[in-house]
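Dropping a structure here in structure tokens format, bear with me for questions.
The letters A, B, C and D name the chains in turn, as written, and every chain counts its residues from 1.
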């Protein structure tokens, strides 16, 4: 377990996350939660949230939990499934949970939902633990 | 095949892509190429390009090629592999190629490299063709 | 919901599954469970269970649950993570759960464990519902 | 580069592959090729080749090439896309190519086609190199 305060300080240096308006809401031994208010800058040409933005919040929420649980951990591979178009969403929220971990590898499930509780994205993310 | 000019106009409405500084460089029957100059806003707390940014350029380059080849196509699932940390990169470039397509589904390979030609990311992206 | 008895009859025609010694143990609204006794024919050159066999039981367990919940459903894409070598296992067991579903698509998580409860494999499987 | 003869001897101990009728056809610096004659034992309840069998030949062909190029290498994660039902196929053939490799990781693309040249499956497979 890492020190939660230090971790929050550390992630304040992630400029991509700050620019995208992604905030860490909760870190526990069982899950991490992040959210973002949807702005026009998150939208694609169809006025739905860009797939890259949905991936970004999912991958970052994984990073928060994995770095908390295991110290330095990076994404090695990820698989993402888009369930429905993210149309007319006001806020998105990602929840990461660890499914399994060995000495150098972990697998997390991340779910991204909108403010109505609809699932937008499910991802399986594989981390390398240093 | 879609009209290339119209497609370029269409993608100008993608605010997430514009904000991220991603530009379409080339569209042919065989591939699409996009690039982005790396800025501090693309970096994470380790000063390497955020995984979300690398995914975003890969997924968008897929979208450019798939929409050109098949008309409206959306990402359904994607698998991404990170090969090395994207440290000290000046520019990244994504190339999408179609591996196979049926009436309603296509599979593309996308490779993201830096200006030295090092591979940062390889993705297999599955699209649904409307 | 499909008729459970008919479904079990239907899957008896799956010769690949029978040859591999995979049995359906449980089907409920929340999960499907399959198991297989490990035999020498499941092993690779390193005497561990072949990755293909682990994938096969995972994918089949998904098929059992998805066909039960939605009628005819096929695997469209799948992502599999191998957590540890499946060495000296006597029996493997796969549990499929549905994470989300829309009209034509569903996403399941499948976990394969050995008789000691160690996780061997985690998969995220995307089905197309007819 | 490993000794090709020794490698072929080694893979003769893979009982799962032998039982499934999968043969190594070619190993070069650029690709590995395997094939299998389709038998009733490869089929599922719909009389199409079981997804597990298609995965198995893909993953094994990756293993052949990766072990040839890098010595001991195991599959860490894999993403597979099914393009069409493998109906009425007489023979399937898998071709693995390496897309990229670093010291401890490699990414391969594997394509499985039938005897008419139709693509059945495309996979992106990530190996850990010991």
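Heads up, the rule we're going with is that contacts are C-beta pairs under 8 Å (C-beta built on N, C-alpha and C of every residue); 3 or more make two chains touch, one makes a residue touch a chain.
All figures in this text were calculated on a predicted structure; none of them were measured in a lab.
Undergrad: Half is the threshold here, strictly exceeded: which of A-D, B-D or A-C has more than half of its contact pairs identical to B-C by residue number?
TA: Matching more than half of the contact pairs of B-C: A-D.
Undergrad: With centres defined as the mean of C-alpha atoms, identify the chain lying farthest from chain B.
TA: For chain B, the chain whose C-alpha mean is farthest off is C.
Undergrad: Indicate the whole-number Å distance between the mean C-alpha point of chain A and the mean C-alpha point of chain C.
TA: Their C-alpha centroids are separated by 27 Å.
Undergrad: Could you tell me the distance, in whole angstrom, between the mean C-alpha positions of chain A and chain D?
TA: 33
Undergrad: Find the geometric centre of each of chain C and chain D from their Cα atoms only, then give the gap between the two centres in Å, rounded to an integer.
TA: 20
Undergrad: Find every residue in chain C that makes contact with two or more other chains and list them.
TA: 76-77, 79, 81, 105, 126
Undergrad: Please output the residues of chain B touching chain A within their complex, sorted ascending.
TA: Chain B residues touching chain A: 10-17, 19-20, 40-45, 50-53, 55-57, 59-60, 63, 74-82, 85.
Undergrad: Mind pulling up the chain A residues that touch chain D in the complex?
TA: For this pair, the touching residues of chain A are 76-77, 79, 105, 126.
Undergrad: Using the touch rule from the top, collect the residues of chain C that touch chain A in their complex.
TA: Per the stated touch rule, the residues are 77, 79, 81, 83-84, 99-100, 102, 105, 107, 109, 111, 119, 122-124, 126.
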